[in-house]
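Letters are used for the chains, namely A, B, C and D, taken in the order the chains are written, and counting of residues starts over at 1 for each.
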Amino acid sequence: MSGTVTVLYFAALRERVGRSREVVSLDGVMTVGAMLMSRRDNDAVLDAVFSGPGTVRVAVNKILADFEAPLHDGDEVAFFPPMTGG
Amino acid sequence: MSGTVTVLYFAALRERVGRSREVVSLDGVMTVGAMLMSRRDNDAVLDAVFSGPGTVRVAVNKILADFEAPLHDGDEVAFFPPMTGG
Amino acid sequence: MAGLHSEAEASLRVLVQESPFDVGTEMACLLAGSIHIGGLGSFLGVVRGGNGLVALSLEHYPGMSEQMLTKLASEAIRRFALCGCTIIHRFGRLLVGEPVVLVLAAAPHRADALDATRFLIDRLKTGAPFWKSEEFSDGRCRWIESRVEDEEAAAGW
Amino acid sequence: MAGLHSEAEASLRVLVQESPFDVGTEMACLLAGSIHIGGLGSFLGVVRGGNGLVALSLEHYPGMSEQMLTKLASEAIRRFALCGCTIIHRFGRLLVGEPVVLVLAAAPHRADALDATRFLIDRLKTGAPFWKSEEFSDGRCRWIESRVEDEEAAAGW
């Protein structure tokens, strides 16, 4: 899959990653999980954060998804901890 | 038991009895039930109302009671239908 | 968490009145009473229209109504971990859409606030000396009968 | 009575904002929408003090938060016989005692109004992209972890 996706991080995950947003080239990867794996291989901080304890939730285009979700050019992928609203 | 009690009627019961309040001489009666029986013997309207269908609730001195409750000079006795607040 | 706040610590406000009340003011008043409040549950009962209903007329037993509502509020404070609660019940002639009753329950946690709100309104329906008469557009008036479901809801607590 | 009002008929209002809201205005707005309302349930969540807490900072996912709250409100209208409901959720830095979230549910009958109120706040706690960080008087900040009880309450519906 060619093209790019925008990746967002929220809350504790945003703080640990050290940024709230980045644009990532898809480089042939097909899913959220594959994209994240490829990013972790190239970014030690990201790898450490995602190896750490705590559940990570994913949304694609503002809809809750999972790591098997397919990605397309222009998608917005968000990673965040369990939600604590109210 | 000598003395008097004030008798109050509320809501549908008040309308059927035709008054909201009366002072009743105790004339030796000891309980709410006995007082009411004596009143019904002397008042055809009251007798008809209390023979009619529908539950009647009683309070003595603004506290829910029953027909066995004792009466004393100066007590306030209230008769009313089941409560429908809220 | 029940029993966290004794009756003496928790605030309790009961009003029986003909005039309207202001929900925002009542909430602010209750919230000002404690920094430990995390949730405020409320129920507002209003005159429901339909079937030609024009107004409700509410009669009450002055003195006894305040006393029964105060007892009810005290019981809520005993049963739930509340910081305070408020009950305001109106009487007189109220038009469709007008507020009749307000129940507020404030607590550190939402479950207590919401449980207490429901307890208060369920018990109040059959446990305080108020009676409602319906007035219709054709001039008919009719006393509302007590409902079995209301008796059951009150007894369920 | 579920399904009495279709989604099209029932009013639905969702706001995500930094600024305060006025509960009285919101209630009046909802009540004005239908003469069939007999009961209005509400829950107001406020920043609970204690243990040196000074403020909560709420972060949200703009766009997704509104979308999830709107979905939630629609589900409440599908599940309960409502005339309408309102959800307002604030974000940003909020001091102890400040309102965070407001849920309103209006229905012909009180059981639907109160059930829907509880459903909305239970689901909202874990089902909308908001995250809370606690700020203490000694300067410490700490992200609030999701609570098992909240997950269970949400799953119970």
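Here are a few things to note about the model shown:
Basically, a residue touches a chain if its C-beta (ideal position, glycine included) is under 8 Å from a C-beta of that chain, and two chains touch if they have at least 3 such contacts.
The model shown is predicted, which means the values in this text are computed figures rather than measured ones.
Hopping across touching chains, the smallest step count from chain B to chain C is 1.
Taking the mean of the C-alpha atoms as each chain's centre, chain A and chain C sit 49 Å apart. Rounded to whole angstrom units, the spacing between the C-alpha centres of chain A and chain B is 75.
Taking each chain's centre as the average of its CA atoms, chain C and chain D sit 22 Å apart. Between chain A and chain D the centroid-to-centroid distance comes to 28 Å (mean Cα coordinates, whole Å). Contact of a single residue of chain A with at least two other chains is seen at positions 86.
Along chain D, residues 45, 110, 121 each make contact with two or more other chains. All chain pairs in contact, by the document's touch criterion: A-D, B-C, C-D.
Against chain A, the residues of chain D that register as touching in their complex are 45, 58-61, 63-64, 67, 89, 100-101, 121, 124-133, 143-146, 150-151.
Of all the residues in chain B, the ones that touch chain C in their complex are 8, 10-12, 14, 59, 62-63, 78, 80-86. By the touch rule above, chain C contacts chain D in their complex via residues 22-25, 27, 31, 35-50, 96-97, 108, 110-111, 113-114, 117-118, 121, 153.
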